[in-house]
Structure formats: C-alpha cells, structure tokens
Amino acid sequence: MTQPLGLPYDDHDGLFAESEEMELNFGPQHPATHGVLRLKLKINGEKIVDTYPIIGYLHRGTEKLFELHPFFQNVPHTDRMDYVAAATNNQAYVGAVEKLLGLVVPPRARYIRMMLAELQRISSHLLWLATHAIDIGAMTPFFYTFRERERILDLFEEYCGARLTLNCMRPGGLPHDLPVGWTDRCRKLMDDFPAKLDEYEELLTNNRIWKKRTVGIGVLPPDVAIDYGITGPMLRGSGIRWDVRKALPYEAYDEVEFEVPIGQNGDTYDRYLVRMAEMRQSVRIILQCLDKLPDGPVMARRPRVLKAAKDSEVYHGIEGPKGEIGFYIVGDGTPNPYRCHVRPPSFINLQSLPELCKGALIADLVALIGTTDIVLGEVDR
Amino acid sequence: MSAIKRFFGKIMLLDLFAGLGLTFRHLFREKVTVQYPEERWEPAHRFRGMFRLDEDRCIKCTLCARDCPIDIIYIDFHQEVNPETGKKDKVLDRFDIDVQRCMFCGLCEEGCPTEPKSIWLTTKTYELASYDRWKNLYVDMDQLQEWKVRPAYTDDEIA
Amino acid sequence: MSALIESVRNAVGDTLFYYAVSPLAKILVLLFLIILPLISYLTFAERKILGYMQARLGPNRVGPWGLLQPIADVMKLLVKADSIPTRAVKWAFILAPCLVVGPALIIFSVIPLGPPAGGGGLSWFITDVNTGLLFIVALATVGVYGLIIGGWSSNNKFSLMGGLRSAAQMISYEVPQGLALVGPLLLAGSLSMVKIVEAQKADHTWYVFPQIVAFFIYFVAGVAESNRNPFDLPEAESELVAGYHTEYSGMRFALFFLGEYANMIVISAVATTVFLGGWLPPFPEYLPFLAVVPGPIWFFLKISVFLFTYIWFRGTFPRYRFDQLMELGWKWLLPLALANLAVTALVKLLLSEAPV
Amino acid sequence: MSDDKPVPEKPAKKHEPEDPNKPAWEKDPLPSEWKDGADDPLTVALREELGDVIESARSFAGDLTLGVRRDAIAQVCASLKDKHEFTYLVDLCGADYPKREPRFEVVYQLHRFTDQRRIRLRVTTDEATPVPTVTGVWRGANWPEREVYDMFGVRFEGHPDMTRILLWEGFNGYPLRKDFPVEGIDTGSAIYPEYYETGAGPIAGTGTGWKPPKPPQEPS
C-alpha cells in the first residue's frame, strides 16, 4: 500500500517542458498560509523544486516573557501561542509547573481538565478542517464546522469567561468549578456532535475531487516522520500508533478508554481521516469523563506564592491537538521560572514542509500547509 | 458485489450527489447568523468583559495590580484620618486601568482578597471598540464604578 | 405596444426598421433591461443561496432582504480607486477586461429568448444567424485572450500563472464542449439556434433525452469554461490569491466579474437552447395547459436551473488540481464526446429514410 | 452592588492537625529531589561504550539527566539512537547561566518508544565554542538548533544552515540571554510613534518604570 515518496508526481514529468526556474514568494500575506508564514519557492512551471520556509513574523518573545513573570501569571501568555488551542497550552504549562513543584491535582480537577482539553482538541480540529477544506476549494465545510465550534466555545465561555484565550487552568488545579448545568449542556453537545461529523464526512470523505486532491499527496514515511520529530496526527497518519495520552498518561487518561487512530499511507488523506477519527475519540473521552466526574475540590492546597526549588528542572509534554506540546522549565528558587522553553508542535511539524513539498504542485502546497496544521502564533512564539 | 456497487457508484457520481444533497438540505435548515446590532449575543455569566470597581469594598492592597501580568493597573492612595471613627484609612487617589493593553485574563479579579470582590470583570460588555483609544480605553476610578453597561452603539456610531 | 412598433415601422420604412432600428432597440433592451440586471442579481442570488446553504443568511442589509445589495456593490466598485500597477503594461491592462466582457455580451445577440415573430410582431431574438452555434463557439474562444492578457500585463507572478492556467483550461475544454454540441446538431440538422429549438419541437423531444451524454459533457465543460468551482483554478483564491485579476480593482475588476457571470449565463442559455428546448414548455402532449406561460418565461426558468446548479456546485465541491483537470478534459470528456458523436451519427444514419 | 456576580460559597477554613490519610492534594506540595543516576543502566552502558563522555548523571522527577562532554555530543546521540533506540528527539533548547563557566547550556530531550522512557542530555558551552550539531543524527534538530543560535548565539558546528530563524539576519543581540534588556533594544522600528515622545517609547531604555500619560482631555 505504501507508495514511495514522489511517485504520484512522476507522470507529470511529461506535462511540463523543461524551462527556466522561477522564484516565487508565497506569503506572508497570502490567503492560504494560515497567518504570516512565508515560503520562498523555486518553481518550474507549477511544479515546486525547492521550498524554504521563513518564519518569525509573529515572534513576540514569549519565552523571555515567561522568565519575567511568576508561575501563575504565565498562564495567559501560553494562551497566545497556539491561540486556537489555548486549553491544551494551559494544560501543558500547568502540568510542567506541577511536576516542578510537586503539586498534586485533585481528581475532579483532572477530569475537568481532560474534558476541557478534549473539547479544545475538537475545536482545534474543526478549525483545521475548515481551513484545510477551504484551501482545497471546498467552501461550505468552513461554515458548518464553525457552527459547531461556536457551541464548544460557548461551553468554554460558560466555564471560564473567555472563548479563545481561555486562561482556564492554574498550577495545582482549576480557577473555578463547573457552573450549574454545564455537564448537561456538554453532554447534549457531545450527543449531537457525531451526527455533525457524519455531515462533514458526507461532504468530503468519499468525494472524488477531495480524494484526488489528498490521496497520495505529501506522503510522509514513518521513519522520516520520526527523524523529523513529528508528533500528533501527522505522526499517526504515517502509521505510528503513538500518542502521549497513551504512552505517558497524564491527568487521568489511563482511567478512560479510547483508541488511537492511525493511517496507512501517511498521505494527506490519511491525516485527514486520522483527525476525523480523533474527534470521535475525543467525544468518547468526554462522555466517559462526564460519567465518571468525581466530586471534591478543584484546587490543590498550595502556597500563595509558588516557588520552585533551587536548581530544579522538568520537561512535561502532553498531547495537544497539533502534536506533543511540552514545556521545559528550570527553577532557581524564585517565584519566576528561570528558563521556560516550549516545544511547539507546529514549529517542529512545519520543518517537514520542504520534505513534503518535494515535487508537488502549487495547488498541493496549500493542501500540504493545511495538513501540517500549523498555527503561526506557536511557530513564532 | 461490493466492487460492482462501488463501480456503479462511481459511474453514477454517487459520491458527488451525496455532497450536493447535503448542501441542498441545508438550504432549508435553521440559520445560525446573529443579526448583530438588533440581536445581541448574551454573554455567559462568567464572561470576562469590562471591569468594574467598588471603591467601598476595596482595601487598597494593590494585589490586583501586582497580579496583572502586564502591569496595566495603576493605583495610588494616601492615608487619611476618618473623622467618624478616628482611625487612619487608606483613600484611593487613582485607580486607572489601561484597557488598551488588557488581555482580559481575569487574574486581577482572582487576586482580589475581598469578599465579594471589589474588582471584577463580569460587566458582560464586549462592545469595546472605539474611535479614540485614550478617551475610551483608558478608564479611571469614576468610570470604573459607573460602567454598568457600555451604552449600545447609536445609529450614527454604526454608520 | 404593437401599435407603437407599427407606427415606428411606418415612420422609418421597412428596410431601416428591420435592419437598424429594431436590432438596436433590442440590443439596448436586452443589455440594459435583461442582461445587466440578470448578472447583478445573479451575484446577489449566488451570495444568498450560498449563504443559505452554509447555515447563514447572506446579504440582507441593503434594502428589504438585501435586494438592493447588487446596486450597492456596483456603486462601490464604481467609486473605488482604480489602480494600475506601475510596472504593468498599461494598454494591455486596460484592454483585457473589455476582451472578457465584449464577446460574452455579443453572444447574446444570437440566443433566442423566445419564439420568432409570428406575423408582423417582433421576434424574441436580435438576429438568427444560420451559423449561430458556430458563432457562439468562436466568440467564446475570444474571451480567453482577455484572461491571458490580463494575467500577463499585471506583471505579477500569481496573475501570470492564473492567466496561463485559464488559457490551458479553456482551450482544453473548448474541444469536448464543441464536440458535445455536434450531437444535437446532427439531430437538428442546422446550426441556427432558432432552427435547433424548432427541430426539438418537431421531434417532440428535447435533445437532453437522446443526448444525455452530450448534455453532461457540455455542462461539465461549460463549468470549466466559465472558470467556476470545481474548476476555478485560474482564480483559485487559496493558491493564486485571485489569479489573473489579482492586480485589478474598481471598475476594471467589475468588468472581469461581469464577464465571468455573463459567461455563466451564456453557457446556461446555450445549454437551454440546444438541450432543453429553449422557449418550449415541457411535455406539450401531456401538459398542454403549460403553453399559457409565454416562451421567454420558460427560457428564463430553464436558465435559472442551470445557474442554480452552478451556485450549488460552488457550495459543495472542492477544487480540482491543474493536472487532474487536464486529465479529466482530455482523458475522459474528449473520448466520451467522440464516442457520443460516433454513436449519434451511426444511429442517425441507420434510422434515416434516405438511401445512403 | 453584586448584581452581576453572585458570591461563590467558600468552605470555612479548617484548622485541624495534619491527617496522614489526607489525600495528596490537600497536603503541602512535595517537590522532587535530585537523585544520583550514575548506576542507571543507560549511564553505565554509555560509559562502557564511549569512555569518559558522561560528565554527570542525575535524575530529577523521574527524568535521567546526563551531562555530556561537548565534543562527544553527536557521538553520544548517535549511539543513543542506534544502540539504545532513542529514536525520537523530543526537544532541543538552550539556556543561559551567566554566573556559570561556561555560561550556555544546550539541552536535548530524547524519547524511547519501546518503554516510553525520556532522558535529558546537557552540554555546556561558551560564546566562542561551537557545539557539534546533531542534525546528522536527527534531521529534526535543524530548526531547534537554529533557534538556539538565534536566541543565545550558540553556534553549532557542521549545521547545514546556521542562520537566524525567528529574528531577522542582522538583528543585533541574542534575546534570551539574561543580559539582553527586557525592554528590548532600539532596532530602528517604532511602535505607535504618535503616542510616544522621542526616546520615551516602550522599546529603548525606558525601563519598566514607564507609565502612560493621563489620557488627553476632551478635544476642545
């Protein structure tokens, strides 16, 4: 089944006569670059010879900012990295801080965090689907997915008061307990949601044009994927069943049942299928969390000022919607982290774009940018 | 059998007609648009909107200013003898919030030690767009207390 | 009305009336009362229908239900700054939009909106050329020059690629499109648009039924010809920003827009005339009362079905890739059109009463 | 006054003696301690294999941290990847400790898929000495190494494209160094020039003491 890299393009060789190569600046203000990604392309006709990504247009020095603020004040800064998946950023950061300080999170907080993270995963994947489809020319899924995404954001708003930059977790637990009726509304949304997913799949999964545009495009062999350190749905699309939630369970992921969907060929279509399947698994996790939700406090006992021990360092990674998002934090005995480095999944995954683009056409390039699911706020930080 | 079915499905363009059917059905489904100036979206109870301040409750501890990650709360106060009780009280001189840079994280509200909170973010106001930043988005003590709900846009403001 | 026409005819004389006054009046009426409003309201209908398909409302602010939106759009485009890039080739840059719109509008002159004049009245078309279909196919080809010149003269790489794509696409799809039209042509035995409709009346069938394959090919090729989704590669927004009209703004952009929508209407009108019996009411034998509705209304309704399908496609399908588009055109549609042509000719030959 | 927000009920504070059966989250947090990692099988194996390349071996919060000699890092990584199945480079980042000598650290996080084990390698270097690149071992190390160069000025020897990644070529300074001013440096660009006096903007030399002026009065 696995097709060797570049095979689907070989039959185009006769199509384009040998001609002079042209350099094309793709972005940073291009509708399909999902922000301010700039690609220096060398093209031969429509065929891409070379891709050189240029990033940094959205660099805000987040890592320097982390060093300036106490641990709890950094949570809002993490919202602004992957701004379409703020909850998982928060979760990764507070997870790292808890590991550093030895805080133990109460079980109710763990379950609520899991629900928030899975809701965030669904909403991030919905946004990915919307933009991916609109890049490939299907306009309508964009509006359908946003319709459902709004309902998820409504749940976030009800819980923490914000829709996008959530700031919804604290080292040691959560700032609030769930509001009254939240679980019912969440359950209702989760009951409706698989039908909506079927709708998107009806529009795309079997559509021959969609398949033509995605099957066999941007094949990423598993060994190359690991070599590039790619994580998340892109890695699983290449057929490697590895998910931080299963491999190194955090929160209470070892107490719920879910599957890790994988692809076969590692092409764009497989990555699409993996993400669609992941949304269904997220629904499953949320429903289990709602069933098992324990009572109790949502915040651990902790000092008012969180101080890390002198000379302590941890790395904590979680499964974000885009891949493994991890924080490496060094403490030096002050309330601020001495050094706080982020492992941004978008940054690492984007690195493979030149590899994916080899021999692709311009039209494939937008599909490939879509399939890497990057958020420039996270790439540039 | 399934191969034959797939073949005929392909010939008859069934995959394309499935999508067409879905969009056609949506023609008659409920629309989700909110007609903004007439219809207004009601924020949830915990919505982090514009600030409010209750000067009487405030104990001038400046924790909100210290908890603010971007330092946009400016507080000045002085000590004054209260003529009724004869005790020294802190009196606020200045309580300014530079909403231009605010990211509505809500940490100031969380840091406030009074019960109920003397600064909170739940004014359910999201209409903060303005033509002059310094005039409308730099709020002082009086504005913070009076800011019940920002008045809705008038017609000439929309146009 | 007829009295007015009669008095004008008496005043100018028959020759002048039939060769100058009546065509001119028809052109003005057609252009300003039918085509331009139709195009502008087509854009409105597109936005509205797309909106309804996408769980939203579409434009509804200007006028009741947004009905004045097209007028507002035109006003906006008219007053917008019209910029020409410094390094563009100026004459070509200005010429290109005209080249797109002109041919598309000229084609309407041979499209019969309704039946020819019965006795003394005016016919529902400007002219009935006896090579009408050929005229249409020839003129439709000219439009592609506008796109190429527009793309090239903008001095923008994205525009250039859009122009090249459109050139390749339109030339490739002209072939199956033309071949698909030959099938009904054989059945009708005439190139005149009016005669084709009348032949359908005489045969008691619309040619869509015997020529379903040709109809399908014509429509798919027509969607590609007018650069509409799923074949909207020349202006693929996510790939080429806006393709050949990236650098255009204001009224010049509006002309490109006009050309695209006029093309859509042309292709729908030709399909209606050739395959769906033009102004004929459906099933005259079984539903004779439908003949009460005048022919032009039927014509308009049939066009609307096509235009709705165009919009429907846009709301549903992703975009093809360039090479896949070529593959579809040359590997599938062209052989299919040729086969259809051969079968049609064969059947016609076998069924014909005349000795070979 | 509190019509907008109900007062959440707060449980009364308890003053009870420490209960040993209390759940962990109600006890005071207990941070991890450094443990010696010299007898870890991995350390032992690496020492046997490559000789004196491991300078230190400790573990914190379950992660083994190996201090590796700078010139041997590529070797150690290659050995870990090929012989010990650490096929996945999770992360690569730098850190600046101005008081230490040498001041910079490059930290590598590795992962093993077979038993889901994570280890950390660290290399120290100074401004002048480049670190051997590990792009030959993992292609994915390319951009993280460029980022370390961009942010700390640590060079990587043998890197195929040692250019700045997030900042532009010609940016004067390395932002994540501890001595880089937090307020930023004057790069010649200005933010909202209409609102700040010359030299009084948020960028150069104004420090955190900068306060916004009182808002202008109603235009008369």
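Every chain is named by a letter (A, B, C and D) in the order it is written, and numbering of its residues begins at 1.
Note that a contact is a pair of C-beta atoms (placed from the backbone, for glycine too) under 8 Å apart; a residue touches a chain by one contact, two chains touch by 3 or more.
Everything quoted here is computed from the prediction, not taken from an experiment.
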Counting hops between chains that touch, how far apart are chain B and chain C? 1
Central subunit by CA centre of mass proxy: A
Inter-chain centre distance, chain A versus chain B - centres from mean C-alpha coordinates, in Å: 26
Report the inter-chain centroid distance for chain C and chain D in whole angstrom, where each centroid is the mean of the CA atoms. 62
As a quick test, compute the distance in whole Å between the mean CA positions of chain A and chain C. 45
For chain B and chain D, what's the span in angstrom between their mean Cα positions? 33
Where does chain C touch two or more other chains at once, residue-wise? 53-56, 315-317
Where chain D touches two or more other chains, by residue: none
Counting only residues that touch at least 2 other chains, which ones in chain B make the list? 16, 19, 22-23, 26, 32, 45, 122
Show which residues of chain C lie in contact with chain B when the two form their complex. 49, 52-57, 312-313, 315-317
Using the touch rule from the top, collect the residues of chain A that touch chain C in their complex. 12, 15, 22, 24, 30-32, 46, 133-140, 142-144, 147, 203-204, 207, 209-210, 212-213, 361-366
Would you pull the chain B residues touching chain C in the complex into a rising list? 16, 19-20, 22-24, 26-27, 29-33, 35
Complex interface listing, chain A residues touching chain D: 55-56, 59, 61, 63-64, 68, 99-106, 172-173, 176, 224, 226-230, 242, 247-248, 297, 300-303, 308-309, 311-315, 317, 324, 326, 328, 330, 338-339, 341, 343, 347-348, 351, 380-381
Parts of chain B lying in touch with chain A, wherever the complex brings them together: 10, 13, 15-16, 18-19, 22-23, 26, 32, 43-48, 67, 69, 103-107, 110, 121-122
